[in-house]
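Step one of this worksheet: look at the structure below.
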Amino acid sequence: MGAGFGRVFGGLGASSTSGGGVGSAVPGARRPGPGEDAAADLVVEARDLCLRFGGVTSLDGVSLRQRRGEILAVIGPNGAGKTSLFNCLTGAYRPQHGTVTFWPTPDRPAQLVGRRPHAITRLGVARTFQNIRLFPALTALENVQVGIEMRQRYGPLSAVLGLPSARRAERDGVRRALELLDLVGLAHRAHEVAASLPYGEQRRLEIARALGTGPSLLLLDEPAAGTNPAEKRDLAGLIGRIAATGMSVLLIEHDMGLVMSLATSVAVLNFGRVIACGTPAEVQRDPAVIEAYLGVGDDGPDAGGATGKELR
Amino acid sequence: MGFLDQFWQLSVDGLMVGSLYAVIALGYTLVYGVLQLINFAHSEVFMLGSFGGLFAARALLPGDGSVPGGAGSIALVAVGLGAGAACGGLAAFTLERVAYRPLRRRAAPRLAYLISAIGASLFAVNLAGKEFGRQNVDLPDLFHNGTVFRLFGAAVSTQTLVIFAVAVAMLVGLDRLVAGTRLGQGIRAVAQDADTAVLMGVNVERIIIVTFVVGGLLAGAGGFLYAMTFNASYSMGFVPGVKAFTAAVLGGIGNVRGAMLGGLLLGLVESYGGYLFQASYKDVIAFGVLVAILMIRPSGLLGERLGRAA
Amino acid sequence: MSARPRTLGASVLLGLLAAVVTGPTGDSDEPLRAAWDSIADVRIVLFLGLAVALWLVLVLGPRLRGLVAAVTAPPRRRLTAATLTMTARRSVAAAGRRGRTVAVGGGLLAVAVVAPLVVSTAAQQSMVNDIGIYALLALGLNVVVGYAGLLDLGYIAFFAIGAYATAYFSSSTAMPWHAPFVLNPFFVFPIALILAALAGVVLGAPTLRLRGDYLAIVTLGFGEIIHLVANNADGITGGARGAFGVPHLSVHLAGVDYAWGIDPLPYYYLLLVIVVGVMVAFGRLERSRIGRSWAAIREDEIAAEATGVATLRMKLLAFALGASVSGFAGVLFASKQFFNPQSFSLQASFFVVAVVIFGGMGSRLGVVVGAVVLQGLAFYLRDKVQPADRYIYFGAVIVVMMIFRPQGLVPSRRRRREIELSEAGVGAADSLGSATPTVVRP
Amino acid sequence: MRRRPFVGAVALAAVVALSATACGSSGGGSSSGKETITIGFQGVLSGDNQQLGLNALYGIRTAVSEVNADASSPFELKLVESDDGGSPDQGPTAAQKLIDNSKVVAVVGPMFSGATKASEPAYTQAGLLSVSPSATNPSLTKLGFRTFYRVIAPDTVQGKAAADYLSDVLKARKVFSLDDKSDYGTGLSAALEAELKARGVALTHDGINPTKDYTSEATKIIAAAPDVLYYSGYYAELALLSKALKEKGFTGKIVSGDGSLDPQYVAQAGKAAAEGTYLTCPCGDANSDPNAAAFVASFKKVNNGAKPGTYSGEAYDATMALADVFKKLGKGADRESVLKAFGSVNLQGITKTVTFEPSGEVKGSNVFIYQVKNGSISVLGNTANLIRS
């Protein structure tokens, strides 16, 4: 419990990327006001998601909206349902109730609930995992290639025969993968086995792999967990650069400094409900949020999150 | 003549065989629950147990081919069961030591265990054939009073009754063991989460050995029951082994009660199927039912957690 | 120090076991007689001597090791940062390695071309029936087990489909049920390929969602069903009588007339061409996006799915590809010789799995070497031990091999990395997960 | 576990060394100055049916040792074994093994029809005589294998005679014909059923793969209430079936064929269950025929007390017929001359008189009926005579 709330919001001092407007996560969940923000260019909207495991309710009517190009951070104490929300968005879990609409382009909404994860990825929602899930025995390059190549079309026969189209696709894939590795600063590690990379680099590699799938929405699950301050700074810079390209980023993060410096808006989850949302500054002042963070006892938000303990 | 006339008789037949499948299936399920490993050599544990029990019982039989009958026969069954269980347990212990433990120490990929088991199985089958001959070995019927009572018109012989009763007693006993004792607690703990179990002070190595041995004891005793009616031979393990494994999966591998249910069900399906169609199609029917059930319930009839079984 | 008496005990037990294994044959009237006779015999001195020698070697081993290690296999690498960096450097040096691979491959190919010329006809026969066919089967199953990480225990069923398709299409006498026309077996190759692949899809589509072990039992059931139906459907397949009279392969093309016959050698070279072709084709596949997708599925299915890999479809593809190779082999087998349902037993399926794992799953060269070594061993043992005892030795060799080299004879680079990593507790070596509760890892 | 690879190498070496010590123990060298003639045996020496292979092998060994013990014999026989596991896959290799050995001038085998069909093309090509003691599939002599002979009558002969006996002597009106779904079993049941059908006997057919559990099959048979159950298959399964039927109180008669004519049938079924079972066989039975007592005695002596079983007598006869030909040919018997001379062999064997049709089929086989009486198999007589009387 040691962490004071003030320190949580102490700020990291990295430059904030301003992109979209005010965050539009909807508190009070049940009634997303009709017409509210109707004109907004949304990238994803979850409505009234409910997810239960046996008797445990993990999400209890969560509604959330994110505008295109915005960095939306989802925060909340452990067990608040953040990762469950992610898993519902990416198809890993199927909520018992609720819808998730995703706009790959503004005029083409798609319903995500009920689709398999790979189909959702194909639509343009890419994710990373809280506990890094790379393909450990593949090289960094190959890891990214897998993401890129899932959009390629050449079949087994072309591969076996070595048809020019297949070769071209293969070459393009490698080039694109190297570009992405360069973006995350891992170009020099391209041929190293993923498992051999240091922790922070693995995090970045995972982001590169996600970018390889060509997403319009990037979901990052605690990207800073377990990284040291220097790595964290690099990471913040990287996320900023990615967002600067116009990418929408949905971020789960414990590290308040990172959240406050990066996010354009913040949604706070507790006990499977959205208890607050708004700009970082608004959320910071919200009494319900303060209550939630102060009331959770020993498992409270580990202030800086730098220890990465709550990872497990 | 119709199927319905024979329904009860076929049910009795099916339940007797099914109870034996269930006893063997427990060995698969226990080991699977703890190690997530298909112990393909379990069928040979069963075979060795059945030889052990059979030879012990034969050694005690009078040489003139007569059987004592009554209490004497019951005692013989007890001796056979004991010897079978002992041999089965020893075989399972040896198997774990020789074919599995070294692999576990090396954290070998799971398929390596499978192949090691196939190798061990080949070794055991053919060595048994060498040592005990390749003929089927008969145990005279220990009970010769035939039908003891009729159940809805179906004849139930003493032999059937003894087999079914002992098998059910073992099933219930194991269920109690897993559900209600400290040992069972340990087994369930390892099955659910070995990492946590070790933190809680459970000796995982010991639990693994014990699990193998318990499975072996059951398979060995089951082997003797099997040999009482069906003779023993070096190659006897394979078919009931595959059947029992099927039964374990049918019920939800890793689930003790599922194995029992799966075994009985498989016995019944075979019995009915063999009657309704050409008997050589009964395995086709049995496997067909398995596939159909897995399509509908992908984790077997009762799901798959050993820990949840109790 | 207490380990030493225990090692001695184990060595002696091993010696006794060896004595029993090589001793006389017993029967059920005196079940322990044979074992006793083999132990209470002069020969036991030899075996105990060997046991003691083994013990000495084990005890003095660590000291001798330094000497011997230089001569024999290099010690297994421990997974350290250094190893991983080394692995990485090796990857960088991929180009240079390619050249070496080609050289090694060429050498092996030359051996494969010359080998049958210096052995007996019986050995040639075995090189076709046992090694060649099984190498082909293993290459196909390798796609399923080694690449996609799925366990298929009914693989031989597709082989049966290929064989029966050949009988159906290429002969009007082999089976009661036959096509209204007769095709040269060569034309049956594509048909069988497609039929087997279709069968793979039909079996796989509903079942591939099942977890590893459930898939294993369902495929096992499928294999048995095919086997039993082939044996029972007298009016269609000829049942247990089998299919006699499938014509040999023959070529009548642009002036070339050649017919394969009873002589195994021409079949050997045909098989060699096919095996090498399949190896090359699957090599390309492995290095393509498809191979990488399989690797991704194998290593982390959830991450693969999240990275957009259509896991189910890729698994189905692996299944169908594997099946089609098996069907292909079936045509070859059926046109080579008589077959009956015995050829498609469950044991045969197990044996193909054993070849793949023994050789090194995921490695094309490995599984072929696996077929050569295992079947070669079986052939070698024919004359060396009593036929009835052959499989005792065979089984023992498999167990010993798995204990000391669970990754197989020639593991693929990628698989070796995976296994090293899994031993170090990172990731999974196959999509079936590890059988080891993580805590017992050293 | 750092020293594992080294230990592994040692252990592997040990295994190889041990298996090497095990080899080469068989085969005695000939001490006398006699010519040595080598014959081969191809049969099922591994797998589930290996007992049948051993039965035959022991029969051959008995013959070989008798010939070699005979001082008047101008030659000594040497036996080379080749295992085909009873399966067509291994057949060609097993056959080739014997063909490659240029010393082998004739082969006893192959044993199973499937393996025969797979192996015989190679024998025919090599011109190496093969005499099967047990392959009964009727088609075998019609497939153009010029090197194929068999000392056992095809299924058709036995099936017809058995059917005649069932309907004429046992007066069966309703027969349950059960086969084991093997090549042998289906062939025999098909021949039997064809004849029974022609005679208007009511028939129920069923097939069951060899298993140990005949409980529900017994229920099925009893429910059909046949006068006679004819089982086409081998003794090990018939024994289990008899036990199951006995326990369920089957009152009909049990009849089976040559595959079950083995003292092991009684041993495995138990005397009570086996009692009264009829067995048909186109052969004389060594164990019950007083004329064959000498054979039984020498069989036991040669084979560590084992009793002759199914196919032992046939294998013995086949070997003796070969020896007879060698004797006639005198010195310099080779594959070609043996093959040429074998068709005209005429030898009183213990299972039958061995003479051949040009097709390689053994001539005029009498089918005998046996019955288990007082726990042992005894001969009732020749079907033709039994039906007449």
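Going in written order, the chains are labelled A, B, C and D, and every chain counts its residues from 1.
Heads up, the rule we're going with is that a residue touches a chain if its C-beta (ideal position, glycine included) is under 8 Å from a C-beta of that chain, and two chains touch if they have at least 3 such contacts.
Quick caveat, the model's predicted, so the values are computed rather than measured.
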What is the set of chains touching both chain A and chain B?
C
Report the chain ID whose CA centroid sits closest to the centroid of the full protein CA set.
C
I want to compare two interfaces, B-D and B-C. Which one has more contacting C-beta pairs?
B-C
Could you find the chain whose CA centre sits the greatest distance from that of chain A?
D
Which integer distance in Å separates the CA centroid of chain B from that of chain D?
34
Using the average of all C-alpha atoms in each chain as its centre, how far is it in Å between chain B and chain C?
29
What's the distance between the Cα centroids of chain A and chain D, rounded to whole Å?
74
Quick one: report the Å distance separating chain C from chain D, using the average Cα coordinate of each chain.
34
Taking each residue of chain D in turn, which ones touch at least two of the other chains?
1, 4, 46, 50, 54, 181, 207, 209
Specify, in ascending order, the residues of chain B that touch 2 or more different other chains.
105-106, 126, 129, 134-135, 137, 278, 280, 283
I need the residues of chain A touching at least two other chains; which ones are they?
none
Based on which chains are in contact, what kind of graph results: line, ring, star, complete or other?
other
With touch defined as at the top, which chains are paired up in contact here?
A-C, B-C, B-D, C-D
Flag every residue of chain B that touches chain C in the complex, lowest number first.
32, 34-38, 51, 55, 98-99, 102-116, 118-127, 129-135, 137, 190, 194-195, 197-198, 204-205, 242, 245-246, 249, 253, 278, 280-281, 283-284, 287-288, 290-291, 294-295, 298-300
Which stretch or stretches of chain D touch chain C in the complex?
1-12, 14-15, 17-24, 26, 45-46, 50, 54, 81-83, 86-93, 96-97, 99-100, 113-114, 117-118, 121-122, 125, 137, 139, 143, 181-183, 185-187, 207, 209, 306
Which part of chain C faces chain D closely enough to touch in the complex?
14, 18, 21-22, 27, 46-47, 50, 54, 57-58, 61-62, 64-65, 68-69, 72-73, 75-76, 120-122, 124-126, 129-130, 228, 231-232, 234, 239-242, 244, 262, 264, 337-340, 342-343, 379, 381-391, 393, 396-397, 400-401, 403-405, 442
Touch list for chain C against partner chain A, complex
81, 84-85, 87-88, 91-92, 94, 281-282, 284-285, 288-290, 292-293, 295-296, 299-300, 302-312, 317, 321, 414, 417-418, 421, 426-427
In the complex of these two chains, what residues of chain C are touching chain B?
20-21, 25-28, 31-32, 34-35, 145, 151, 206-207, 209-211, 213-214, 216-218, 220-222, 224-225, 228-229, 231-232, 346, 350, 353-354, 357-358, 361, 388-392, 394-399, 401-403, 406-407, 419, 422-423, 425, 429-430, 432-442
